[in-house]
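I have a structure here, written as structure tokens, and I will follow up with some questions on it.
Chain IDs A, B, C and D follow the sequence of writing; residue 1 opens each chain.
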Amino acid sequence: MERSQHKTLRQAYGFDDVALVPGDITINPDQTDISFAVDKLNLSIPILASAMDGVVDVRFAIAMGKLGGLAVLNLEGVQARYDDPSIVLDKIANAPQQEVTALLQKIYSEPIKENLVGDRIRAIKKTGAVCAVSLTPANTKRLSPLAVEAGIDVLVVQSTVTTARHVSKSYKGLIFSELVKQLPVPVIVGNCVSYSACRKLMETGIHGLLVGVGPGAACTTREVLGVGVPQATAIMDCAAARDDYFKVSGRRVPIIADGGMRNGGDICKAFACGADAVMLGSIFAQTKEAPGKGNHWGMATPHEALPRGTRVKVGMKGTLEQTLFGPSSVTDGTQNLIGALRTAMGVCGARNIKEMHQTEVIIAPSIKTEGKFFQMMQGLAKC
Amino acid sequence: MERSQHKTLRQAYGFDDVALVPGDITINPDQTDISFAVDKLNLSIPILASAMDGVVDVRFAIAMGKLGGLAVLNLEGVQARYDDPSIVLDKIANAPQQEVTALLQKIYSEPIKENLVGDRIRAIKKTGAVCAVSLTPANTKRLSPLAVEAGIDVLVVQSTVTTARHVSKSYKGLIFSELVKQLPVPVIVGNCVSYSACRKLMETGIHGLLVGVGPGAACTTREVLGVGVPQATAIMDCAAARDDYFKVSGRRVPIIADGGMRNGGDICKAFACGADAVMLGSIFAQTKEAPGKGNHWGMATPHEALPRGTRVKVGMKGTLEQTLFGPSSVTDGTQNLIGALRTAMGVCGARNIKEMHQTEVIIAPSIKTEGKFFQMMQGLAKC
Amino acid sequence: MERSQHKTLRQAYGFDDVALVPGDITINPDQTDISFAVDKLNLSIPILASAMDGVVDVRFAIAMGKLGGLAVLNLEGVQARYDDPSIVLDKIANAPQQEVTALLQKIYSEPIKENLVGDRIRAIKKTGAVCAVSLTPANTKRLSPLAVEAGIDVLVVQSTVTTARHVSKSYKGLIFSELVKQLPVPVIVGNCVSYSACRKLMETGIHGLLVGVGPGAACTTREVLGVGVPQATAIMDCAAARDDYFKVSGRRVPIIADGGMRNGGDICKAFACGADAVMLGSIFAQTKEAPGKGNHWGMATPHEALPRGTRVKVGMKGTLEQTLFGPSSVTDGTQNLIGALRTAMGVCGARNIKEMHQTEVIIAPSIKTEGKFFQMMQGLAKC
Amino acid sequence: MERSQHKTLRQAYGFDDVALVPGDITINPDQTDISFAVDKLNLSIPILASAMDGVVDVRFAIAMGKLGGLAVLNLEGVQARYDDPSIVLDKIANAPQQEVTALLQKIYSEPIKENLVGDRIRAIKKTGAVCAVSLTPANTKRLSPLAVEAGIDVLVVQSTVTTARHVSKSYKGLIFSELVKQLPVPVIVGNCVSYSACRKLMETGIHGLLVGVGPGAACTTREVLGVGVPQATAIMDCAAARDDYFKVSGRRVPIIADGGMRNGGDICKAFACGADAVMLGSIFAQTKEAPGKGNHWGMATPHEALPRGTRVKVGMKGTLEQTLFGPSSVTDGTQNLIGALRTAMGVCGARNIKEMHQTEVIIAPSIKTEGKFFQMMQGLAKC
């Protein structure tokens, strides 16, 4: 009896599964170059803040801009639904855990107010800060002209999974090749995780790509849908797409690792795997400047019929500046992220992010798992 | 000294070990087709309820039929042994954990009453619902004529492991090729997990196959017998058998993943691995309609000499309708299973179940395990 | 710069890592043959009890013989050092955990009394039971003649690791090829785990081999020495040695899996991996007949300078007969071991132990680990 | 669409992932030779104590020398910053956990006092003990002449990662080929983990190499920087570099495994993987002679901007002599390390360390992980 091969499964890796191998030469951290560019926009540090309501509001976006990074304001969150978002943010922070999903569903059923779209953007722009905002594909046609008019520097079009082609009856799919021609600002699109989906999006002319489906701390996409690719593999696959697309087109579309990074170690691994920049949610939700007041939730959490993820109590750990530049007095890797990145680049002998992409990555699960396990057990023992 | 190779071991995978990769195109969930057919029977949703006494009674079977699925009533359980099963179901629900195995052994030593077989079936049929019942191979010859006479639409012949050929002295083995000719209804047989056992059963002419040995929540077959195949691999192997058998015979025998699915994510993975439908036990045991009142136990649990599995307290979470169609206000993937399946198909670019079989599956153990571990630790911390 | 390959590491597997695949045919359990032979000795069940002081004394050996198995009495344990061992067994059972290693070191510093060697053997033999005893290689020359004279049926020569050649200054190494010629009884030797060590021992003419280094519940050889081979791989490698040696010599030397089996599932896996029989310690230490009164410790535990393992509180679960033949009212696989073995053979389509060796073994770690983890967490939650 | 291969990831292994296979012959432990030489210096046991302030002070160094090993005194720690280090050591021991990192940062901001460098060395030398000291590369040029003048026998130049070439603006990099010509004592350099970095360092003429980045108990380099190689793989790779370099140069540069060894089993594995000696931190921090009084911290912990690791409460378990030579009354492998090494060599049939390098190493994760997990759970249950 002849037998056909069943599916061949490829092994994928998350940050916990891998580690970086030091280089053959070392470099002083102050000799490393970590700047990042998307289209004509240049940033002195390769770090973005996620378009999540517990992370970015106007005040946070301004603070982030001053420090050299880029915060993305969500134009479909509470900032665009409520004149005074602080009231609902307080409610979310104080709700009992078993009621919070229903509360979020209710809060996000309030319609988006078009006048607020412009107001928020202008509040950021008047300080001279760079302004980035996000929209879902379904609302991009309607709201992006308002955002452009109000002065945004970057548009992020983002949903759990975005592809170059969407089949739908209910609305005419967004065509990225048209969008990038119409808009005078760079367009970053996401999220995607596979080589082919990534390349097809790059071929539409978009200017940057968010990489990551299912890895974030406030996300249960894998429990609910079964869908998700561990972040180390997702980044490596999309980096291969970026490099291959560059070879045939001469255009280099940077990829931004989005989600799943919990400390400096994970961030360094993201760059070694091929990321040009990283977008952080839960780490920034822990800063004193974050609007979530020590709480964090994803933008799929309030879905009216199929909520994914929940509010996570992340606590407040330090200022945004301390988180980015130190000095740190904690040893869990959540502070002085830039110091950690420069130190890791030095140890790996990388003068810039592109050289960091050459770092050897190994599969090395055991120590970390053990360590984390032990920490959890100790944490529990204290309860 | 020459050396012979020792056994070559193949790696097998469970749902926790794998994840789905989003597609290159996406599809709106409302554009997906999830219908399922076994022989001439058509169902609007590809979901069956397990033939377990904590899950299916007459009332549950009727409710399930109305919602488009198929519940299988066990003709060798308490429904066929007791005129009023509610009394023993109460006893099971209220027994202390250390006494429950002995109690189950006693309750299931009561003989099957042939008059009840017909009564239960007629109670379902008179509402117009589709009626499916299950028997073990040893009792099929005796009881299946009664069931057919009472009007069943589908017969399920099920034991822990069922093969096309059984060696026995004590009774003449059931011959499936004869059974399917004698009975006027489709016959679903199970359980099996390997390519060859699956194909040999398909060659007997049966109409559907249950796939799964040892994966269920109420099952300890692996502890007691060492036997069991993780469900993702079992489904992929049996799907290969189905496809190969179709190529030589022109007849497509659907496979139904039975056991081991704890949330929408697992169900979506089962379809991506090749299942045509899924059969759920513990998820349905948690519905308000389930006769187990928040308890769940397997049909091997009451075995008089070698009990396997035990009563698990699963709790009551919501109605059957909410479980299948939402809306959900939980984020652990146990509600709105159909919404989750359609959303996952959309994200994977699958218009129907057969296209969903083409979804790329990767090995991706770490995130989920960590998440579950963390949830357990948090749950424990609350105790 | 050229680079030499570093060591190639082979993956090894324990019982938790593997599972058995059901067969293409099934067999009624009462049709299976599970008899076992070593040289001219025949046993109706393929199960031995370990030469450990918490497991086997005279009374246990007699009970085991009546039920068809074989218990091995340790001639270097408390039975041969104390006229009334019950006093020291009580002390061991009642010692606080932090003092028990020092107590064991003291108790086992009492010299072996040669008169007790004969007494214990004759006490077993006078009931008509088969009598097996164990000695370490260093004491075999001195004590084996006494044991033979007292009427033993089988001699077991056992230490943590035993090889065909031992380099020593302090005593002339035991030469197995001479020993088997001198003794009128079959000689079982152990322990070993690798193909080559196993074959070299078989070539000395010995009659049976114990397989297992480091897997037992009362053993910390891997923590202390780093040495140990997971039992599924050890059995498969030694089974290959047995089969290859048979091909060139025509003599079949049975291998007995010793250690690491905690339930019926593990025992069934040992046979599927190639074992001809299994030797159990901790499972039998839990029987009411065991001298350890619910305690279990290894024979390396009392080592004067480098103790390995400790006393484990295993509890008392049922009678020896119930453990072997049921009926069981527990569902963790620790009772009705013979029923479990026959059922697994039936499910795998194996008529006898040699056919059971043909069963497909897969690598399938996740379900069990998760299950065990969950049980532990639940057990903890009850504390 | 053609696709380039993404990065190929090599699997790396830690001590928990591997185990040793017994040999085909066995050797009595008293017949094994475990001596170790670096350049002209000979040690009767192949064990060093880490240059950490919780482990080595003058008194400890003398005690270690008497027992045949080698303790390395850190010339940049509290011993060289404070006239009476006992005061700050007390403070460290008594600080609350949440304040200890800030305290360490403060304590280590005190400047190094050059007069103390000579004082500490002479205090060791006047007892006749061998004296080894460590410096970081940045301070080696300035302080090594003082150390040599005071009479050291060995210089250790150590930082988290040291390479043959360091790119820096702020100071002229240390050139090892010049250093070894200038100094009259052997130079040991570290740490490194990869084949190529190791070989390049050997080619500079240095006399010994420390292997290990990220594996130690008091280290969080992997959390903070993402950098680290599990120790079994690191040792095997560097052993390959040592052997290859010996083939082309005729000079054998010994490698010393540094970090990550928690018991005798790990130490035995380090030798089987290819280490010529081992350097231990946390095990020695547990001795009564250690200055840390049951506390242990790494030398990267006090980093002013990016601290890594923290103070770990390791407790006091026994004397240094008992730790090295026993007798042991614990069974967790932390006492009688030399007895454990000799016993493992005997079981593996290795007459000396070079033969121990030939021992077969297998990948065998499950038993140990399970055991440790179980111990943790039990430990927790006692809380």
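Here is the rule we go by: contacts are C-beta pairs under 8 Å (C-beta built on N, C-alpha and C of every residue); 3 or more make two chains touch, one makes a residue touch a chain.
As the structure is a computational prediction, the values presented were derived from the model and not from experiment.
Homomeric contact chain B/chain C is classed as different-residue, with under half of its interface positions used by both copies. Simply put, chain C must spin 90° to overlay its Cα atoms on chain D, rounded in steps of 5. In this assembly, the chain whose C-alpha centre lies farthest from chain D is B. Centre-to-centre, using mean CA coordinates, chain A is 39 Å away from chain D. If you average the CA atoms of chain B and of chain D, the two centres end up 55 Å from each other.
Under the contact definition stated at the top, the residues of chain D that touch 2 or more other chains are 13, 196, 233, 373, 380.
Screening every pair of chains for touch gives A-B, A-D, B-C, C-D.
The touching residues of chain C, when paired with chain D in their complex, are 1-7, 9-14, 16-17, 101-102, 105, 160-170, 192-194, 196-197, 200, 213-215, 220, 222-230, 233, 260, 301, 304-310, 365, 372-373, 376, 380, 383. Contact residues of chain D toward chain C in the complex are 13, 15, 18-28, 30-31, 195-196, 199, 233, 236-237, 239-240, 243-244, 263-269, 272-274, 326-333, 336, 339-340, 343-344, 347-349, 351, 360-364, 366-368, 370-371, 373-374, 377, 380-381.
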